[in-house]
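There are two complexes below, and they share subunit A, which is joined by subunit B in the first and by subunit C in the second.
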Partner chain A sequence: MKKKRFAITNMILALFVLTVVLPIAVMIVWTVTERWAWPDLVPQVLSLRALSEIFRRSEALAKLFASSIMISAAVAMASVVIGTLTARALVLYEFWGKRMMYFFTVLPFMVPATVFAMGVQISFIKLGLNNTVAGVVLSHLICSLPYAVRLMMDGTAAVGDRLEEQARVLGASMGQAFFRVTFPLLVPVILSSFSMAYIVSFSQYFLTLLIGGGQVKTFTIVMVPYLQGGDRNIACAYSVIFLGITLAVFALFEKIAGRWGKNTDTEFYT
Partner chain B sequence: MRKKLTPYILLVPQIILTIFFLIGLITGIAQSLGVIPAFGLTEPTLFYYKEILTKPDMVRSVLYSLRIAFFSALFSTAAGVLLCAVLVMSRRTKGRMMRIVQLPIVVPHVVVALFVINICSQNGLLARVIYAFGLIGEQQEFPALIYDAGGFGIILAYLWKEIPFIVYFVIALMANIDGKLGEAAVNLGAGKVQAFFRVTLPLCANTIYSGFLIIFVFALGAYELPFILGATTPKALPVQAYIQYTHPDLRNRPYAMALNGLIMAISLLSACVYLALMRRSQKKLAGNK
Partner chain C sequence: MRKRIFALLLAAAMVLGLAACASSGHNDGKKSDEKVSGESSSEGAEDMTFDELKEAAKGSTVTFYGWGGDEVLNQWLDDVFAPNMKEKYDITMERVPMDIDQVLSQLSGEIQAGEEDGSIDMIWINGENFQSAKENNMLYGPFVEKLPNFEEYIDTESEDVTLDFAYPIDGYEAPYGKAQMVMIADTAVTPDMPKNTDELLEFAKNNKGKVTYPALPDFTGSVFVRNVIYEICGYEQFLDMEADKETVKKAVEPALEYLRKLNPYLWNEGKTFPDSSTTVDNMFADGELVLNMTYDAFGTSVKIADGTYTETTQSFQFDKGTIGNTNFMAIAANSGNKAGAMVAINEMMSPEIQADRYDKMKVLPVVDYNKLSDEQKEAFDKVDLGKGNIPQDELLSKRLPEMPAQLVPVIEEIWLEEVVGK
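And now, the complex of A and B:
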C-alpha cells in the first residue's frame, strides 16, 4: 500500500517535470532544425541557418538586446527603488489616507494591462511619450510596481524599524541608518522584487505594442511576427537566446542572495 | 512635524504613477460612456454597453473569454494544489524540484504560445507521437487544439504557465502548516491524507482563492495568447477591444472602451466575491476555535 502511493507520487512528479521540460527541449531542437516533415519524430535536416541569420545581423541583435534588456532592467530598478519607498511608508508609518494608498498600489493587479493601455495611450500621445523608450518604461513600471511593492512590504515588515531606531539613537543619520542597517537585511527581498518586476516587464507584449507603437523593439515585439509568419526556427532561436540570458542573470541573483543570506540570516528574520 | 510628512514624501513617486494609472482608467471609462469631447461627444450614455451586450458576435466574445479565464483558473488551481500537496507530502519543497517549478514563471506568454504550436498543433509533436502509435492514420484526424473555437490551446498554454505559479504561490504556506499543524493532527491519530484535507487545505484556502482570482483576472484581460492561439471567431474580449480601438472609424472607439469596461467590471466583481469568500472562511476558522 505504502509502496503504491509512493509510485503514484513519483509518477505525478515525473509527468510534471516532463511537461515543463519537454517544450523547452523541443524549442531548442527547433533552433537547429531545417526540415522536420510529418510524421517523423526527429528532424530530417539540421542546419544552423536560423542561428547564423540572427547572428549575421548582429547589429540588430545587439540593438534588440540593449533595448529589451535595458528597458526591463530600468523598469525593475525603478520598481525596486519606488517599491522600497512605498513599502516603508505603508508599513512603518501611520498617516491619513494609508488604506486608500494601499488600495491604489495594488489596483493594477485587478485591472488588466490591456485596459490600462488603451485608456492611457491618448494621454501618452499628448505628453509626447508615445513611441518613446521613456513612455514604454513608464507604462511597464506602472504594471511591474505592484509586485515589487507587495514583496517589499513583506520584507520591510519582517525587518521592522527597531534596529534602525537603535542606530538613530546611537547617532546615525536617517540615511546612514537605512543604508547601513536596514538595506543589507533587505537585499534578498530586493533581489526577488527586481526579478519579479523584470519578468513582468520582459513578458509585456500589448503595452509595448501600443505605447511603443512598433518603434520601441523588445523581445516579444520582434518575436511575435516570426511566430505568426511561420518562421518558427527564428522565433525559437530568439526565445532560446533571451531565456538563456534571463535564467543566467537570475541564477547569479540567487547566488548573491544565498551568500548574503548566510551572512545576515540571524534571529532578526524570525 | 517632519515625522508627519515623511510617509507622504516617501510616497511621492508612487502617487505620480498612481495618477498616470488613474488617468488611464478614467479616460477609458469616460470613453466607454461615449464621452469624447474631441469628437464632439459630450453626453454620457450607456448605449455602447447595451450594444456590446446584445450584438451576437460581442456576446460570443464575452462568453468565450469567460470560458477561457474560468477553466484556465479552475484547472490551474486544482492541478497546482494537487501538485503542491504531492510535493509537500513527499518533502520536496526545496532544491531541484522547485527550480523546475520556477522555470515556467520566467517564460513569457508569447514563448508559451510557441510551445503550444510546437507540441499541440496538427503538425506538432503530440500528433506525431499519436500517429507513431497508430492511433490516428492521418494528420487531419488529430483534433484542432489551436486556433479552435473552444479555446483549448489557449487554456493549455495558461495551464503550462499557471500550474507552477499556483505551486509557487501556495507551497511555502502549505509546507509550513503541514509541518506544524498537520504533524500535530497526525500525532493525534489522523491519517496523513485526512490531516491534509481537514487541517492543511482549509488553512491554505485563502491563498488558494487569491491564486485563482489572480489567474482568472489575468486570463480575462490578457491579449497575447488569444491573439496568437485564438480562433478567427469568436474573438477574446481584449482582442475584440483592440480591433475596435484601432478601427479606422474613430466612432468605434467607445465600443473598445465598453469592452474594456466590461472586463474591468467582471474583474472587480470577482474581487468582491473573493473578499466575501475570505471573510466567510475567516469567520469559519474563528468559529472553529
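And now, the complex of A and C:
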C-alpha cells in the first residue's frame, strides 16, 4: 500500500518535472541558440548574440530592475496593509453595507483589466496621475487588492479575535494585542498575500503600459516586445533573467518572513 | 488606541516613502524639464522656421513611440540615432517600445481627457492606423514641407511618399523606411522557387503540410493574400474600389477560389493558420515550413549572418511583382514637444542616417538616389547587401502599390469567412 502511494507521488513528480522544469531547461538552452531545427536533438548554431546584447545593456537593465522591484514592493506593501485592515473590518466587525463592501473588494476579479483600463486611464489623466510612478502603483493596486483581501480574510477568520481579547483582558493595549499576538500569527498569510500582490504587479503589462504611458518603464514593458517579436534567443534570455530575479526576490521574502514569524506556532490557526 | 493609530501612520508613511523613492529613482527629473521646454516649444510651432524650431527644441526630450520587437533597430536607435541627436541638436531621444494599437489607444485617451502637453511626440505608423488617426484628428500637421531634408532629398512627387495605402498623406507623415513583401525559401531544401500562383500551388503539393501563411489580420499574412489577389485579379481595379463588402468579394472571388484550392496542401490542411508572422518565421527557421514571407525585403541576409537561416536561404518574388509600402513618422496632435519631434524627423530623413540604416539594418532607404551628391551616393553604393537578397533594382522594378487602406480590413474579414477551413 505504502509502496503504491510512493509510486503515485513519483509519477506526479515526474509530470511536474516534465511540464515545468523541462520547458525552463529548453529556455535556458535557447539563450545561446540561433538555430535549432528539427530533427536534431542539439542546436545546430550557437551564438552569444543574445547574451552579449543583454550584457551590453546591463546597466540600464539593473536600473530597470531596481525600479520594477521598487514599484512592485510598494504595491505589495500597500496591498498587505489595506488587505489586513479590510479583512479585519469584514471578518471581525458588523456594519451597514458590509456585504456590498465585500462584493466591491472582489469586483476586479470579475471584470477583466482590459475593460476598466481605458476608464482608469482617462480618470488618471484628469487627476494628473498618468505617466507617473504613483499612478502605476495605484493602478496595480486595483488588480492586486482582491487577492490580498481574499487571502487576508481567510487568515483573519482562522486566527479570530479570541487571543487578542485574551491579551486585552491581561492588560495589553489594542496596539500591543494586535502587533504582539495577532500579527505574528498572521505572518504566513501576510507573506502569501504580499507575494501574490508582488507577482500580480511585477507581471502587469497592459495597465503599466497604459497608465505609465511607456514612460514608467518596468521590466515587463521592455520584455514583452521581444516575446511578441519572436526573436527567441533574446526573448529567452530576458525570460531567464525575469525568472531568476523573481526567485531571488522570493527567497529574500521567505528569509525576512522567517525572522518575523519564528515564534509562530502554526497550530493556532490550522 | 493611540499606539495603533501611530503604527498605521508609520506603515502608511513607509509605503508612501517607498513609492516616492521609486518615483524619484526612476524619472531622473526628465519629465520636468521635458514639460518646461515642451511648453515653450509647442507654442506656435506652426509659424516657426526650421532654424527657430531647432533653437526651441534645444535641451528638450523627444519621445518616439513604436514597435519594439526588433533588437537591431532598438540598438541602432539607442546607440546611433540618440547620441547623434544629442550631439547635433542637444535633444534627448527617448524610445518607447509599444505596439501601434496601444499607442493609439493611449493617444486617444489623452486627447479625450484634454491633455495638451501629451507624452507622445513621434509615432512610427502607416496604413489604416494612419488613416484612422488622421481622421480622428489625433495627428499634428501638415508639417513635412517645413523640413529641409524632405524638400532636398526626397522625391516629394512619388506615390511612395504622397500616398499611404492609397490614402493621401497631405503632409501629416514623413517617410521613415520602405518595405516590400518577399518570400523566402532554402535552396538546399527546395531548389525551385515558385514564380507565380500556379507554381506556388505545385510547390505546396510537393511540400504537403510544409507551406502556410500567417492568419490575417497579421500584417504579413494580409499582404500575402493581397499579393495573391493581385496575381489573379490584377491590381488596377482595386486602386479606386469602394470599401463595400459585396463589391470587394465579387472582385476577389477568383483569388478566394485559388486560396481554397491551396488549403488541402497547407500546414494543418488549412484548417488553422499560424497566429503571426513571427511564428511562421520561427517555424521556417526550425524547418517545419519550407516557405517564409516577410515585409523586411533585405532581412534575409541579416538572419543568415546571425545563423538563424542557413547559408543557402534565398529570398524571391513573383514575376508580376510584390507589394511594397512605406512606413512613416507622424507627430501626435497633443505632443508636448512638436519642435523637437520635427527636428528629429528631419534628421531621420538625412542621407547620412538613411545610409546608416541601409548599412546596419538593410532598410530600404526613402531618399531619392538622384537627388544625392556623388559623395552621398557612394555611402549607399558601398553597402554590402549580403547573401540571400534580391538585388535592389530588380526588387524595386517589381514593386506593386498597396491597396486603399479601407479595403484591407474588408479583405481580412472575407478571408476569415471564405477561406479558413474551407
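The rule we apply is simple: the second predicted complex is superposed on the first by the 230 of 270 C-alpha atoms of A that agree within 3 Å, B and C clash if a C-alpha of one lies under 4 Å from a C-alpha of the other, contacts with A are read in each partner's own complex, and residues count from 1 in each chain.
The rule we apply is simple: contacts are C-beta pairs under 8 Å (C-beta built on N, C-alpha and C of every residue); 3 or more make two chains touch, one makes a residue touch a chain.
This is a predicted model, so every value here is computed, not measured.
Overlap between subunit B and subunit C is detected when the two structures are superposed via subunit A. When the shared chain is aligned, subunit B comes close enough to touch A:Val21, but subunit C does not.
Taking subunit B and subunit C in turn and counting the residues of subunit A each one touches, the greater count comes from B. Applying the stated contact rule after C-alpha superposition, one finds that A:Val187 touches neither subunit B nor subunit C. Looking at the shared chain after the overlay, A:Val106 reaches neither subunit B nor subunit C.
Using the contact criterion defined above for the overlaid structures, shared-chain residue A:Thr132 touches subunit C, although it does not reach subunit B.
In the superposition on chain A, A:Trp38 makes contact with both subunit B and subunit C.
Within the superposed three-chain model, A:Val249 lies out of touch with both subunit B and subunit C [touch as defined at top].
Legend: residue contacts after superposition of the two complexes on their common chain; A:Ile122 is shown touching both subunit B and subunit C.
Of the two partner chains, subunit B and subunit C are each touched by A:Gln228.
Once the two complexes are laid over each other on the shared chain, residue contacts for A:Leu163 go to neither subunit B nor subunit C.
Overlap of the subunit B and subunit C interfaces on subunit A: residues 38, 81, 85, 118, 122, 228, 232.
By the touch rule above, subunit A contacts subunit B in their complex via residues 9, 12-13, 16-17, 19-24, 26-27, 30, 38-41, 81-82, 85-86, 88-90, 93, 95, 98, 101, 104-105, 107-120, 122-123, 138, 141-142, 145, 149, 199, 202-203, 205-206, 219-220, 223-224, 227-228, 232, 235-236, 239, 243, 246-247, 250.
Within the complex formed with subunit A, the subunit B residues making contact are 4, 6-8, 10-11, 13-15, 17-18, 20-29, 31, 82-83, 86-87, 89-90, 92, 97, 100, 103-111, 113-119, 123, 125, 127-129, 131-132, 139, 160, 163-164, 214, 217-218, 220-224, 228, 238, 241-242, 245, 256-257, 260, 263-264, 267-268, 271.
Residues 34-38, 45, 47, 49, 53, 66-67, 70-71, 73-74, 77-78, 81, 85, 118, 121-122, 125-126, 130-134, 137, 173-176, 178-179, 209-210, 213-217, 221-222, 225-226, 228-232, 234 of subunit A touch subunit C in their complex.
Across the complex, subunit C meets subunit A through its residues 1-4, 6-8, 11-12, 14-15, 18-19, 21-23, 25-27, 31, 63, 65, 67-71, 75, 94, 96-99, 102, 105-106, 109-110, 112-115, 119-120, 276-279, 281-282, 285-288, 306-310.
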